[in-house]
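For reference, the structure discussed in these notes is given below.
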Amino acid sequence: MAFWDYANPTRFLRFVQAVLPWLTGLCLLFFAVGLYMSFFVAPEDYQQGDTVRIMYIHVPAAWLCMMCYSVMTLSSIGTLVWKHPLADVSAKSAAPIGAAFTFMALVTGALWGKPMWGTYWVWDARLTSVLVLFIMYLGLMTLWRTMEDPIKAGKAAAVLTLVGALNLPIIKFSVDWWNTLHQPASVMRFDGPTIHPDILWPLLVMAVAFTLMFFVLHLMAMRNEILRRRVRALRMRAASAAQPAPAGAAQPAE
Amino acid sequence: MTSWAMALFQRDLRLSVRVGGSALVGVLFFLAVVTVIPFGVGPDLNLLARIGPAILWIGALLATLLGLDRLFQADRDDGTLDLMLMAGRPLELVVLIKCLAHWTATGLPLVVAAPVLGIFLNLDPVSMAAVTATLLVGTPALTLIGAIGASLTVSLRRGGLLLAVLGVPLAIPVLIFGVSSADAAIRDPVPFLTPFLILCALSLIAAVIGPIASATALRFASD
Amino acid sequence: MFQDLSFTLSQGTALVVTGANGIGKSSLLRTLAGLVALAGGAIRFDGGEDDRPAHEHAHYFGHQDSVKPALSVLENLEFWQSFTAPTAATGFTGDLHKPMGALELLGIGHTAHLPAAYLSAGQKRRLSLSRLLVTARPIWLMDEPTSALDKNSEALLLSLMNGHLETGGLIVTATHTQLALAKVQTLHLKAAQPAEQALEEGFL
């Protein structure tokens, strides 16, 4: 086996060990500032009152569920094209985090929707697209769980992730089309220049805080996944060492 | 079509219509789904006429996705898939032809059955024709998208449901434009051709992405 | 899976792979067949068609028969004949059979128009073997070729294999039974240290 395959996870773990405390600290700092700004500095909305503050959780979560999928897409290219052993670990660990942020975006969206629309759920184009994304995350996680061999599961999931990445714009486009057909005006609009700086700054700080949180969680999850695979390798070694004949260990892959 | 492609097409078609094949199960499932919906929403003919195209499309979507689990698995189980990988034929084309044969055996009957089931749903002739046309154009895309799920779950014992879970999000655009164009023909909020041509485009995209992704997944599944 | 494995096989020679159960004979054959990706190293086939990889010069005759019970025996064979691309190699003059001829040769000609579901295990095995006779490919990869075959069929198989060698073909076979082949090399696989197994995972 190539030295490259062997050394990389170890070097990576050392890197994680060094970087993680700093990253965590930075993330906490941004959260402290961001939460303070969004709760005490940012103004109330003249119509929505304090409920507008849900936005400071909702929008970063929605941003992250897209970013997380992009990370998975890049990792999948890493798995399929460069065959990098950590790429598949990265994609696998990102999926539950992405699903969690997507779930958070959905829940905060629904909570925000209740005072705005009078109901928890409307089939708004954004919410619907995010729901579809959530189903895709869950599908990917299921695919990983149903396959015994992590390498094989990683490749299958990588194919699906890439197909999903190609499809997401199409899904977004068709959901928008479907939505304009059925329900012309969307209530939520934060398009670019109309946002007041008092709202924009807390939002940006929170977005950075969430992004940092993603990287902290992702690195931790990757570390756990590597350790999990080491345990698996050790167990396989234990199984083959216990048996004098290598019959059990070297089962041909059929 | 070259002779090997023809041979593959014929073989797959024969396999699906002979004993142990699944050619007509899909239509029966389609019939069953369409039959239970009025029990769920009530026998209001106006309501049924309004949601009729959607019912037919959802029925076709489920029938297609759930019928695909054996597309590659049957060949994997008896070693045929290994030989296909070594046969020296482009695997993407092999997948495309297998999908084509599968669609001919299971998708085309759905299209043919759609007008008949339309009668149950109180569809007028125009919407019946529109739904049938959209199904004719759109069901190949469902088969090709489902093939991706089928190739990803090829090594799983019970891949059928997972296949549907993986396939449904990818199939949403097809469903949206299928139902939209059927609706457009009846109530024309937009011209019929606009969504219909997008539906055609989606089928063409699926004809490219589906075989490439499935072939990649099948290559990985062999080791 | 394997370490320090290397062999060269020249025209008209059979390689018999031996070793304990589960040592990886099947995996070796599947790797040669291109079904398992190489982790390192290379498989080369000289004198073949340049635009095709080595495994497309090979027939794989494995544990599974790849016989569809719903198709007739002849339909099964004719499909493989038209689907499998024949490949040539310099010095290989393998003689081809018509599908019917191949079935006759293997003693299942009378079943040609019956559904393959009616065949016995041995007959299915022979139908699967007939694939190798209707499309010319210089390499035969045979995993336990004698399983489910009776004495007579085994003798027939042996003569077919020798015939393939005589026409300049190559055979790689994993087998427990002694086969009286014309020109034989053997490759004995031995178990490595268990640690190698874990190392291969790349995470230790």
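Labels for the chains are A, B and C, by order of writing; each one numbers its residues from 1.
We adopt the following convention: a residue touches a chain if its C-beta (ideal position, glycine included) is under 8 Å from a C-beta of that chain, and two chains touch if they have at least 3 such contacts.
This structure is a prediction, so every number in the text was calculated from the model and none was measured.
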Ask   = From chain C, which chain is the farthest off, judged by mean CA positions?
value = A
Inquiry  = Based on mean C-alpha positions, which chain is nearest the centroid of every protein C-alpha shown?
reply    = B
Task = Could you give the separation in Å between the centres of chain B and chain C, each centre being the mean of its C-alpha atoms?
result = 37
Ask   = How many angstrom between the C-alpha centroids of chain C and chain A?
value = 46
Request  = Averaging only over C-alpha atoms, locate the centres of chain A and chain B and give their separation in whole Å.
outcome  = 31
Key: Residue list for chain B, restricted to those that touch at least two other chains   = 223
Task = Would you pick out the residues of chain C that each touch at least 2 other chains?
result = 30, 36
Request  = Scan chain A for residues touching two or more other chains and write them down.
outcome  = 253
Query = For the complex, which residues does chain C have touching chain B?
reply = 30, 33-37, 52, 55-56, 58, 60, 62-71, 75, 78-80, 82-85, 87, 131
Query = Can you list the residues on chain B that touch chain C in the complex?
reply = 3-4, 6-8, 10-11, 14-15, 18-21, 78-80, 82-89, 222-223
Key: chain B - residues contacting chain A, complex   = 148, 152-153, 155-156, 162, 165-166, 168-170, 172-173, 176-177, 180, 189-190, 195, 202, 205, 209, 213, 216-217, 220-221, 223
Task = Spell out the part of chain A that touches chain B in their complex, as residue ranges.
result = 80, 132-133, 135-136, 138-139, 142-143, 146-147, 152, 155-156, 159-160, 162-164, 166-167, 170-171, 173-175, 177-178, 181, 253
